[in-house]
Structures are given as structure tokens and as C-alpha cells.
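Input: a single structure, listed below in C-alpha cells.
Order of writing sets the labels: A, B, C and D. Residues in every chain begin at 1.
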Amino acid sequence: MFKLAMNLLVRKCQSSKFAQVNTGYGVVRAIHSKKYLLSLILVLAQPLLTSCSLFDQSVSGSSFDSHLIEQTHSVVALSFEAKGQAGLDRLKQDRTQEFCSTQRGFKGSTSATNALDPQSSQNNSIGQLTEQLRLENLAMIQQPKDGNYLGDFKRGELIAQDGRGKTWTDPQGSVNGGNCYNCHRLSKNEISYGSLGPSLYQYGKLRGITSLDVYLTKVKEGASDPLIQYTWGVLMNSKAYDLCTVMPRFGVTSSASAHEQNSPILTQEQIKDLMSLLLDPRSPVND
Amino acid sequence: MLCILGIYALTGSAQTPQPKDTTDAALAQYRQMLQEANPADLYVAKGQALWAQARGPKAQSLRTCDLGLGPGVVKGAWVRLPRYFSDTGRVQDLESRLITCMHDIQGFDEQELIDLDFSKGERLTIAQLAAYVSSESEGMPFNVPQTNPVEREMYAIGQELFYMRAGTHDFSCASCHTQDGRRIRLQDLPNLSTPAGAGFAFGTWPAYRISTGSIWSMQQRLADCFRQQRFPKPKFASPATIALSVYLGVNASGQVAQAPGLKR
Amino acid sequence: MSDPMRIRLQSQGELTTVKILMSHEMESGQRKDDSGKIVPIWNIQDVIATLNGKVVMTAEWGGGVSKNPFFQFVLKGTKAGDKLSVTWRDNRGDSRTDEAVIS
Amino acid sequence: MINTRREVLKKSALIAGLLMQSLGYMRSASGYQQNAFDAKTVLELYKSLGLAMPVESKQIVLTTPEIAENGAVVQVAANTSLPNIQRWIFLVEKNPVPLIAIFNMTEQVAPAVTLRCKFAQTSDFIAVAQLSDGKVYFSKKEVKVTLGGCGG
């Protein structure tokens, strides 16, 4: 019965909002004229509020206006069209995306503060949710099938330079780039780098990989070496370390972001090449 | 576990001196040289001529087009857009309002204009008209109205959209545009949540794009942002893009209009 | 029909700086289209500037000049009322002349 | 802003006459030097223009950006204190076609010219000054062309 009521409400919401709007051009008029009716429905159906929305109130947190979020999603549904490989399914958010849409501080800073300080965060529900979602992301990380974490730094540099992939103008099935230079400084010679993320110049060198011997030892102990594990993990799924970081999850797909036959942005082989770019003492990053 | 991760955190300890200042200074020099003469002026001239020219199935000019300050008033109209129009019953940005005028006055088919590609045919016309109209507000402060409840609603929706994370890369507008002084590659990323950043962004489109050698409108700018965001394609003059424009325009309140701009 | 140039003049004493924006594709002849075919060169080849009917400068341009070209030079010994005329001609035989008067 | 642009009246006999005169001048006096614009290297280019090997001169001052955010539009300028300059030749050394432009100067213009040109990659910009006595000088400056935009 409850489910039926919810379904009815969903249909009610949709029919009231989609009435005049098949061009996507008259939506605001539609929202305007139906506004009070819609508000009334929402007030009467307070416990069912979220059924109009993609949002789950337990995820979005209580400080957000569910009516507004629901309106926003209606506007989104009317405003976008699938093009090339960019289908409308991309607008469906997973729990991490939903939650992080409500966390509005900037999360890509170069400061060392980790958003996941368990001391302060576990005292409140947002903190608990953050930790829960972070662990979900951590569980998504796969280790390399062959136990080898490293590839070729020269290929890694090309992947780091390449910012293409997954847009509606990129051909389906084309190889995606890593976008690394968009946000990070990596090598000494490339001056065209962004500053949304921290500098990764001398990433390996600054973390103790001072010689080829050290590097080769780490290669051997990849599965148990903390630096290898951390670097691999961040490249595979940055959200496992800092939930709302602006860095994409390069090696995993969540249930909701299971776009394009479930393919992550980068393959495991590409991520291995990026590992070498960051860690190999012969890489331009560690020059 | 978290302690170990902290030591190696990608954020933080890897800071080394970056030669950013010299690069930024050199880029500023490059941009300054091009500001001396902006090819967008060529499109302003075309837009001005198109505004006055009898065109469309009804062979009329746009001299009676109401951009919000009354029929035919162009000066100062752009810094008060998007706004609510009672004749259409919705909030419109400059480009959607131009479509209304081209339909009502000149007899063009609205849906055809919406379905065209950017930079082609009548859509290039719209971009040129937008360049002209925006140039007629040069130096004026933004004053995008929030008097009508629908205008306030559109602002709130625009803000939600700005922070909405989705797609293959988990990006939102906010991912790149909520901090001061950041770049993507060498391009400055304005902080669109501040008046200065929103003024710089909203107040300089339409702009001449060096990389494409053409005039780009705000609608085209937003569409390409969504492309890079790995979202599906926003429809031209769709409510989502207009809501975002309201968000940006209101955030830019008091900032001086400098369009048409010149961009990479 | 070609679009008009934008000519700006800034005089200081007897020197006048001439800034010209021209509307032209300036296709380099090096670029490939989506199907991989070279887009044929289409560029302004000749530019001529006259002051009161007398030639003061000519130029030959290749496909390496940027799209919507910007070109600046300085006239000497100018006075108010002098009339500058600028003409370009491209490799398709299209041409355009615009004028400006020194104030 | 000083803006005295005027649209040409297409039917003006005066302008039409001037146009004819101008084009006539261009064909007779200079003639487009296609060979020079076909040259693939700087040396080939000097040869096709019949120039002596230019000598580097500090009296040529170039104004170029150190870094170009986009190689499609790079503003370059040359000025000189050398006397009696007859021609400026602008080159971008590493372009597939190095020759950008030739300016034939007269005494009615100052020896300063500014132009926007394309850089296919990081390259030296070279400005060659040919004087009326036939002597040839040059100056060069590197412009770094960077990758830009989200697409890399």
C-alpha cells in the first residue's frame, strides 16, 4: 500500500511537471503555474517527499531543501539529451555523487587536511555517512590480476598528457586519457599544468624512492608496500581516501555510474603506466 | 591505516616550489597583447547590421524586439538578463529572448532555431546578435533581477545544478569553479561562487574563441562545459542553462560587463 | 561579399597608429578536415595601404597569418583630414577596401 | 575610443577607381611571390627571395610573448633603428611554411609593424630587415607554444 502510494505520487509529480514541456522550452512556465499545486502535494505527502526525487534524504542530509532538489532534477530531466556516448544515464547519481553534491566546501585543496578525520567526523551523522561511503569506495578497488603494479613511465606520460575521453565528441571505444596535467604539475619540462590538485613533481623521490634498487624492491613487494598500495588505491578510486575529492575515480565504476558497458575511465594497464610515471626513478616526474 | 595513508597523502607533502609566477606573467603578457584588438568586434559589427536588417519569413528587423527594457531598447538590456518576461511567462536569457523575437517578429520557427548546431546558420546569427547586444552594456554593472518569485526559484535551481555531481568523472561545475586562483592546464578557473569570479565569467561571454576562431555565446560556453564535464548535451536555451545563467548573473551583481571578451 | 574591416586610428602629433582587424578565414592549407582531407589554402595574399591616394605600404601574406587578421603600422607626417584607405585581396580573387579619416 | 571606420559605398566611383589602382599596383609593383610562400625551410626561403644571409642585429627589437596560450594566434611585432628599411620579412622557423608575411615599407610609415600569426609548435620568430642598400639583418626570439584546455 505504501509502495503504491509512492508510485502514484511519483506519477502525479511527473504528470504535473511534464504537462507542457515536451520541447524542454516551456518548463519554467510549467513549474510556475503548477507551483502551488505541487507545493500542496508535497506538504500533504511529507513522509513521501523523496519519492519524487532521485535523492534519498538519509544521503542528502537534512539541511537541504528536498523540494528544490526535486525541482532541480525535473529541470535536468527536461534539459539534457543523449549525444554520442554521453547517454542520459550519466545524470543518474550514485550515493557518493548524491552526497558530495551537498558537501559544498572545496575538496581539491593542496592542504594536507584529510576530510576524513575520524575524531571529529564520527560524532555526527554526516561524518558516519562519509565514512560509510568512503568504505564502500574502498571496497571497489581491485588489485592487479597478475600482482604487478607497475608499467611503463613513457606510456604513463602520454596518458597523463591526454585529456580526452568519455565526452560526447569522443568516439565510443576510443582510448581515454588520464587528464593528469589538467590539475597536477608532474614533470619539470611541462609548463602547461593545472593547479586544482597538488604538485606531483618528484612524487616517488620525495617518498623514498631514491634509486633504482629501492624501486625494484618495491616492485617486488607491491602487494604489501604501503606507498604502492596507497598510490594504486588513489588512482583506482580517489573517493576511497577523500570522499568528495574532485579527482575522478579512474579505475572503478560504481553501480549508478555503470556507463558504457561498465568500463572505467582507465584500464588497469594504463593505471600501471601512471604508477611508473609517479614512482620510477627514471621517470620525468622524478627528474 | 589512516596514519600510514596520511604520510603518503597525495595532498600536501609533495609541495615543491613551482615556477608558476613566471608562467602566469608570460601568459598575462600574451593575453594583454591580444586585448589591444579583439576580433569579437568584427562580430559585433555583423550583429549590429543583422539587428537592423529586415529578415525572416516576415521580412522584419528586430528594432521592436523587447529585451526587457521596452521595445527596441538595447543599451543596458544585457546586464539585466536573464529575467522574467510576462509575455512568455518564463525566465529568459539573452539568447532565448532573441529566439522569441526572431519567432514573434520575424517569423522564424522556434524549434528549428533550437535544434540547429552552434555556429551555423541562424544560430551564428544569434551569437552575433548576442555579441552586439552585450557590447551595448559595456562598462555597466550587472543587475540581474530577483524580484519575481520565478526568478528567485531559477537562481536556487541554478545553484543546485552548479553543485550537482554526476557522470563518469563525478564532476560538477563546482569541481573546477569554487576556488580562487586555480588553473586547469594554463587556463584560469574563475571562482563562480564569488562576485569577482562570476563577473569575470558571465561578464565576458559572448567571446571570441582563439582556438576556434569564432564567436561563442554563453549558451555555447555552458554546453561545452557540460561536454567537458562528461554530461549529456544540454539543449539550447534549456531551463537548466538558463537557471545556471541566473545563478551566475546574480552572483555577478555590481560587477562590470566587459563583453564581448577574448578567450583562448 | 566580404565583411567590413575595423580600422582604428590613434594620432599623436604627426604619427598615427593604424590598427586593422580584417574578417577572413585565413585557411592555412595545412589543416585536415574530419575526413582527413587537406582543406585548401584560402588566404589574403595582398594588402595595400594608401594615404590620400598615395601608396604608403604594401604587404604579401601567406597562410600563416592568423584567422581574422590583426595588422598594425604607424603613419608618419599625418594631419587631420588625411584619408587612409586599406585594401586586401585573397587567393580566390575576393577583395575588400575600407577607409578611415584621421581626426 | 577613436573609431573612424566607414563602410565603403560600393557604388562610389572614387573607391572603385582606387581599388583598381591598388590592385593594379600590387600586380605590377610586387606580384605575389608564390615561390617564397612555397619554401619549406628558412634557407630555401632566403634563396627564393634572393637575399644575402642575414646578419643578427641588436638594432632590431622584437615584441613577442614568451608563452603562447594558443598557437593559432600569436601577436608579433618588429621595430628597428636601422636606417632606410625597405622590407620586413616575418618568419616562424618551425612552421611547415616558415614565411608569414613580407611588408614593403615607404618613407611615409615608421619602421614598426605588428601582425598576428600562427605557430604550429614552439619556434623562433624571426624578423628580417632588408635595407635600401641591400644589406640584410635579422633578430629572433623564441615563443613557447603550450597545450591548453581541458582536452589537452
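Here is the rule we use: a residue touches a chain if its C-beta (ideal position, glycine included) is under 8 Å from a C-beta of that chain, and two chains touch if they have at least 3 such contacts.
Source: prediction; values computed, not measured.
Asker: Where the centre of all protein Cα atoms falls, which chain's Cα centre is nearest to that point?
Answerer: Closest to the centre of all protein C-alpha atoms: chain B.
Asker: Please tell me whether C-D or A-D has the greater number of C-beta pairs in contact.
Answerer: Here the pair linked by more C-beta pairs in contact is C-D.
Asker: How many angstrom lie between the centres of chain C and chain D, each centre taken as the mean Cα position?
Answerer: The mean C-alpha positions of chain C and chain D differ by 12 Å.
Asker: Starting from the mean Cα coordinates of chain A and chain C, work out the distance between those two points in Å.
Answerer: 50
Asker: Report, in whole Å, the distance between the mean C-alpha point of chain B and the mean C-alpha point of chain C.
Answerer: The answer is 31 Å.
Asker: Spell out, as numbers or ranges, the residues of chain D touching 2 or more other chains.
Answerer: Touching at least two other chains: 67, 72-75, 116, 144, 146-152.
Asker: Which chain B residues touch at least two other chains?
Answerer: Only 23, 36, 184-186, 213, 228 qualify.
Asker: Two-or-more-chain contact residues of chain C, please, as numbers and ranges.
Answerer: 4, 6, 8, 66-67, 70, 72
Asker: Help me check something: in the complex, which residues belonging to chain A touch chain B?
Answerer: 23-29, 31-33, 35, 65, 68-69, 71-72, 75-76, 78-83, 86-88, 90-93, 96-97, 100-102, 104, 106, 108-114, 116, 118, 163, 166-169, 181-183, 185, 191-203, 206-207, 226-227, 230-231, 234, 239, 241-242, 246, 248-249, 257, 259-260, 265
Asker: Which residues of chain D touch chain C in their complex?
Answerer: 1-8, 15, 18-19, 21-23, 25-26, 29-30, 32-33, 37, 72-75, 77, 92, 95-110, 112-118, 120
Asker: Going by the contact rule at the top, pick out the chain C residues touching chain D in the complex.
Answerer: 4-11, 15, 28-30, 45-46, 48-51, 53-67, 69-77, 85, 87, 89, 95-103
Asker: Touching chain D in the complex: which residues of chain A?
Answerer: On the chain A side, the touching residues are 161-164, 177, 179, 181-182, 191-192.
Asker: Once bound in the complex, which stretches of chain B touch chain C?
Answerer: These residues of chain B touch chain C: 36-37, 39, 41-42, 45-46, 208, 213.
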